[in-house]
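Starting off with a structure, shown below.
As written, the chains take the letters A, B, C and D, and residue 1 is the first residue of each chain.
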Amino acid sequence: MSRATSIPQPAGADQPPNEAEAQSPSVRIIDARTAIDELIFAEDPWYALPLERQRELSDALIRQALREHLERCPSYRDYYARSGAAEPGAVALADIPLVSTRVFKFADLRSVEAHEVERWYRSSGTSGQPSRVPRDRASLERMVGSVHGSVGLLADWDEDEVAVINLGPGREHVEDVWFQYVMSLIEALYRSESRVPRDEAALDEIIGLAQSLLDDYEHLIVVGPPFHVLDLCEHMQRRGVELQAGEGATILTAGGWKRFGGRAIPKQEFRAVVARQFGLRGEGQVRDVFNQVELNTVLFECEAHEKHVPPWVHVAARDPETLQPVPEGEEGMLSYLDASCSAYPCFIVTEDVGVVRRGRCACGREGTRVDVLRRLESRAAKGCALKMGQIHANG
Amino acid sequence: MATKTKTLPSVVCGTVVRSAPAGHHTSTTVTGHELRVPLLAMSDVDTILADGPRDRLAELPTQEIVNFLYAAGQNWKSSEYVRRRLYIRELINQLGYSPEMAKLEANWIAMILSGYAGLYDIIASELGHRFILDEWIPREEAQVRAYPKGRSLHIMPGNVPFSAVVSVVRALVTKNQVIAKSSSEDPFTPVALAQSFADVDADHPVTRALSVVYWPAGAPGEAGERIVAASDVICAWGGQSAVDWARKAARPDAEVVRFGPKRSLAFVDAGERPEDAARGLAHDVCFRDQRACFSSQQAFVRPSPAQLVPALSEALDNYTEILPPSAQGFDDRGARALTLAEARFLGFSCWEAKDGSWAIIHCPPSFAAQHPLSRTVYLHDWPADLDPGAQVTGDTQTVALFPWAKLRPIRDAVCRAGVSRVVESGMSNVFRPGGAHDGMFPLQRMVRFASTELPSAYVTKVMTVKIEQTKFLEQDRFVEFIP
Amino acid sequence: MATKTKTLPSVVCGTVVRSAPAGHHTSTTVTGHELRVPLLAMSDVDTILADGPRDRLAELPTQEIVNFLYAAGQNWKSSEYVRRRLYIRELINQLGYSPEMAKLEANWIAMILSGYAGLYDIIASELGHRFILDEWIPREEAQVRAYPKGRSLHIMPGNVPFSAVVSVVRALVTKNQVIAKSSSEDPFTPVALAQSFADVDADHPVTRALSVVYWPAGAPGEAGERIVAASDVICAWGGQSAVDWARKAARPDAEVVRFGPKRSLAFVDAGERPEDAARGLAHDVCFRDQRACFSSQQAFVRPSPAQLVPALSEALDNYTEILPPSAQGFDDRGARALTLAEARFLGFSCWEAKDGSWAIIHCPPSFAAQHPLSRTVYLHDWPADLDPGAQVTGDTQTVALFPWAKLRPIRDAVCRAGVSRVVESGMSNVFRPGGAHDGMFPLQRMVRFASTELPSAYVTKVMTVKIEQTKFLEQDRFVEFIP
Amino acid sequence: MSRATSIPQPAGADQPPNEAEAQSPSVRIIDARTAIDELIFAEDPWYALPLERQRELSDALIRQALREHLERCPSYRDYYARSGAAEPGAVALADIPLVSTRVFKFADLRSVEAHEVERWYRSSGTSGQPSRVPRDRASLERMVGSVHGSVGLLADWDEDEVAVINLGPGREHVEDVWFQYVMSLIEALYRSESRVPRDEAALDEIIGLAQSLLDDYEHLIVVGPPFHVLDLCEHMQRRGVELQAGEGATILTAGGWKRFGGRAIPKQEFRAVVARQFGLRGEGQVRDVFNQVELNTVLFECEAHEKHVPPWVHVAARDPETLQPVPEGEEGMLSYLDASCSAYPCFIVTEDVGVVRRGRCACGREGTRVDVLRRLESRAAKGCALKMGQIHANG
């Protein structure tokens, strides 16, 4: 559990930790550990649990979180009351009133006192107006814990034998403090170097660095936004460089799948290019992680390219009109109930369209998986009627 | 949903071309059908850029062009006209229009093509004289004539078929060759228009002047780049990226006419005639399902939004009946559901049609930054101290007012702040002759003006002698003639 | 030659600024003097981009602006006015103008500023009504008003002081703030103009609206880029690279008004009145030493060039006397010497003034690809079968004709081929109200038109009932109203 | 003299040599060698001759050339007659009627039969309309000879110990066959590699090549247009590369001194940058050569950065109005009387402005030097009056 004390400072943090906490770091969390913390910080990974056990945990943890937020967050409590939902013990998870992620653009939503907020995280998100999302110490520690507890989905490396090159953030994320923080968590696990591939010289340097780290370490992780990884591969192509990483590298993407200019990158094609340029043994070594500023948990892709959802998060794909869950395997608007978040009621419905699957994954693990397919894009937004929130290109 | 594949032709100088040497572009319509359009091919470009199609049109008298459009419009007007029937069917089957909306769209196409008097009035009010494209017209101490710029490229809108037709008609009446780059959202309208021209006379210079081509937004390829480089005017409709692309891609000396994204809103005083107020607002909300830039998205309401809601609900229900909405795709429905969830969380009052065809949200103006369109009306309080000018920007196109007589004074404040058009509520879709479009008179951008200036024998208003410049210099008399 | 250094100030919102926190740009004038102009500084930009200078002008009635310009013009008209005297002295000493040319330039500045009636006529003929910038003017079924675009940046011409003044006046009468980026070839005119405004009233909104700044062509630096980004209109004068730069640097939604390089020529039938023919041509050749785009460089002559030469030589000699040429720099003289060497090698007949002030070359039109300007006239044969339209392109601005009555029919051929202006020979420099400039009416580019469209109660020309769209839909009667 | 037989084929030549000549290569020239050929192909360099001897040779050779061209070139003969100049024996060199270089845009000027023209050379020159200049075999051989005979102004290298990197031509010279030909002559003297620095990858490769040639050869010559050399230096700067060439390299520029965008490169600043980036012992190792398509001789810069003019060329700076020579040291329009050209009367006045100096140079050699300062740029051309020939940027 000692890992929990090693929270990296948020990148570019502009608020010092509260003084009281500076004196006795992390004391409150370590002492007040609840069922959810036991799960998040467990030695045995959550993804080894049987499906049924995951379901039970999920139900209990989310109901407990719901009770706490109804108690602590007046605006959510009012919303809950207006919605006519049954009381927390009786409500179906599908009927828990959802907060649209876009609300974070308009309102400050929190379940903790103002002084308990470690930081407000901003995300440029899909439109001009940024979202502002609060995080308290407990939420941040759980976030770190969930990364530690889930990274095993990628592989089981010896910490000392892994080096990381972090590509980014690029200019599109410079103000996106949350994205930087999540990247820093992944980076913090191992020896790492940060390089922004802002020009040809930087790309050349990254190639050289990758080559030397491949020589010196058992395993190299390159982590970055997809288009930066693609820039790097295209640069290697132009330079005629093909690395020979074999099993010795994992390429980890995080962030938007649209390039500047707005076109989406087809993921399979992307994996093929990356595997070829790095000389990987297989495309299974190209993985993606998912997070968004309003969600407190990072979702990792297994070797079958499925994103596994831990039991403290309940995910559903919902009908675009009724917001009720659609049958398993059908496209819907993705919603998350994340019990790991104590700072605000993380019961959210997002602008992402995706598919949810449960049961046994091709990787062999049991559990819930989510496939994030695309952003909601209103047809109207393409016309001459100005849909104000969408002036800027989608991420 | 069963998927059917529909393959459209392109039109090269009036001729329907079904082959696609450069391949097809495939997309999926809102009704789930697969739609294939031919990509622009080099051989098409060779034909389009030959001198003939451009020069034959330039030599036609204006009235021959107007008469030709009228003939095409008369066909469009007839419910028996097969092209109209096919067009309506495609809007319904492919683009999900309700039959009533599809028919209305066809009627508006008939309206603009047949509106010969309106066309003459537009030429006269924008360019100065009905015959200015044919003859030298005296203007102060000169005579002026307007010549076509030459070739016009139209980056077509996908949201409003009528706008596509307007763009083509403006270019044709100013005698410009037209290359319509259609939108993947609506590739039907320009093709149907071109075919209806050929139905009138397949070899007419107007028919030959129109080509309909396709390339994916922002990716013209080598063939498209040749078209862009040869275009003297580019009319760009649509989202910000489309209009900015046009400006960047255009030849430095080409005219780029931008019809970029805009929003529109209403000011409504419903104190005296709430039913009339509601009817006008409902029309401006329902016409084209808020997909047009002139559609009202918001309304500032007096005495109070809540009091207007019953009448507005009824008026919107009436529109659901007389002009049912088009099919809403997954994303459009999702956008509205999110908006309603947000509004409810924020504690705003919301009203929804039982069948989901419309929604009303009573919210502060700041909430308008999220608007899902699709017949969703945001009603705002209108306190006595509200400055109408502060509610609009250069992005605001049309401000609709009700009642007209009472609110007309508002126009000064909103137009100073950037609004380009003020109308009576319920009239947003009617662009009257004499009015400007997005701050300009577009026909002025489609032509090159030439002038003949009066010779020296004609005195100016401020001199009573002939302009003998050499003599003035010889006698050092110039300064005398300075007023 | 003794070198003296002249340091000019910049003008920031009407205030003369002699400090240069960003340093100076130094150049050498044709008379061999060193000329220093301050480079645009960030602190200047802050002042210029404040709202005040723009908004105060926008709220002024048009007539107050015109009256103010008239007051400034009346000063310019007076030979006692110190600003005029200094300006004339600088044109002579620094730019090498002959005293007569410098005085003529000052007179033309007085002429445009004082020409209130002409300004009203230009507003009326270009925008549609004299009061359109102040009031709502009925136009067909709408009422129209013109608002300033806001901020205008002027990439100033270096060759024709008068054009610099025209550019500023056009922007001011349309109520646009003016940032004049002066040319290193003539930094004097815009500064003198701004100072003459301050002489009338240092705090007048027109005075405050004018700033004169400098950056080297194509290299605006960070400060200049802020100005460019804040400019709603850019009027770009000068060579191809200057106008292309403006288009590239401008904000995508900014209007770019291009006055790029053009050439002009004459058609002269000297059969009946050779002296009059020669006088007109000589004027159009000598006025501003062919540095203007409207200056005649070539003339197609009937019955034969050789027959016109004696009268033309005499007329050119007369101009050497009444309007002596400006000092020719090394390069200008070299260009003409080379051209004459070429013409002589190729066997063309050449005539030169004894004092070198002019030259005549009888050559085929193909030789016009090399033209040294500086009062050099190319005379071409004009056979009966020559197509005038084939002698011009879109690069040809003004075609001058003599005699007017006989040759006016030529205008159709040349204007169809791209010419924008046809005048009587000898009148090239007089831009009459009502005429177009380089194919457009520039004032139309300086404003944003807003319109109020008539409400539903006003019937259209093609309908005899009120426009009740809801009722039409309810009763399915729309099609009745299609003409 | 055997060198004369080794004329490289003009780069990209599209005309085969005449058949007759293919059978007996160069026969006419070798046999018909005249005084001028003895001078051009002499073992002892012309620049070692005393000033007075250079003057005598100049006068004699040019008069002889004048006589030949008057005989063979009708259009020049007519022009000469119209000009009223004295007969060839009596005319002052300054009064020989000059042909403006721009005439080559309008007229085909030649003193040989059409079939004797090896090739018409084009140059994009200073304006849109290209010049067309004919060359016969003799002119080309003398051109080659003059390069061989003048290269000693640079240094006295052992052929086998020198390697050349030829940067170019860039896109601005792609259609400029003459420029390519002149570059190929310089290149042909030594072992050489041609590289166009068209992108970052090519620049990287050039740096690597330079490094390895410096290692392998006693001397490296990098030859190219000034802006290509500058591109290379700026790229080295970005990459943090500074070579250590010492005395082992010479950087030779040829071509226009204006960059894209039209600004001139100050030569002294240029030499400083190049010397630093290559690690040269001194700026004397950065040299320029001058030629233009209408001139048949290449002018080389000595270590004092002066361009020495061989005796078969008479150069003068002329008054821009009268075209009479200006006093020594004053600026004038440059004119050349080049006796080495048999293909056309190379008695030309150019659009270049420069200064001519005679006497002893700072390098110690006696003779005539020319400093080419700039192109003539009519003030009028900057205004809105279209000066048609000058639409395109000056080179």
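Keep this in mind: contacts are C-beta pairs under 8 Å (C-beta built on N, C-alpha and C of every residue); 3 or more make two chains touch, one makes a residue touch a chain.
Since the model is a prediction, treat every value here as computed from it, not as a measurement.
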Touching both subunit A and subunit D (chains)
none
Please tell me the distance, in whole Å, between the geometric centres of subunit B and subunit D computed from their C-alpha atoms.
60
Can you compute the centre-to-centre distance for subunit B and subunit C, using the mean CA position of each chain? Integer Å is fine.
34
From the C-alpha centre of subunit C to that of subunit D, how far is it in Å?
43
Per-residue multi-chain contacts in subunit C, two or more chains:
260
Residues of subunit D that touch two or more other chains: which are they?
none
Have a look at which chains touch which and call the overall pattern line, ring, star, complete or other.
ring
Hey, which residues of subunit D end up touching subunit C in the complex?
75, 78-79, 82-83, 97-100, 102-103, 105-107, 127, 129, 261-262, 320-323, 331, 333, 349, 351, 353, 376-389, 391, 393
For the subunit B and subunit C complex, residues of the former touching the latter:
58, 70, 73, 77, 79, 100, 104, 107, 110-111, 114-118, 121-122, 124-125, 128, 136, 138-142, 144-145, 147, 243-244, 247-248, 252-253, 258, 260, 279, 282-283, 287, 318-319, 322-323, 404, 408, 411, 415-416, 418-424, 426-427, 429-436, 439-441, 444, 448-457, 460-462, 467, 469-470, 473-474, 478-479, 481-483
Given the complex with subunit A, which residues does subunit B contribute to the contact?
30, 157-160, 163, 183, 185, 218, 237-241, 259-263, 289-293, 295, 297, 329-339, 341-342, 344-347, 356, 366-374, 395
As the complex stands, subunit A meets subunit D at residues 200-201, 204, 238-239
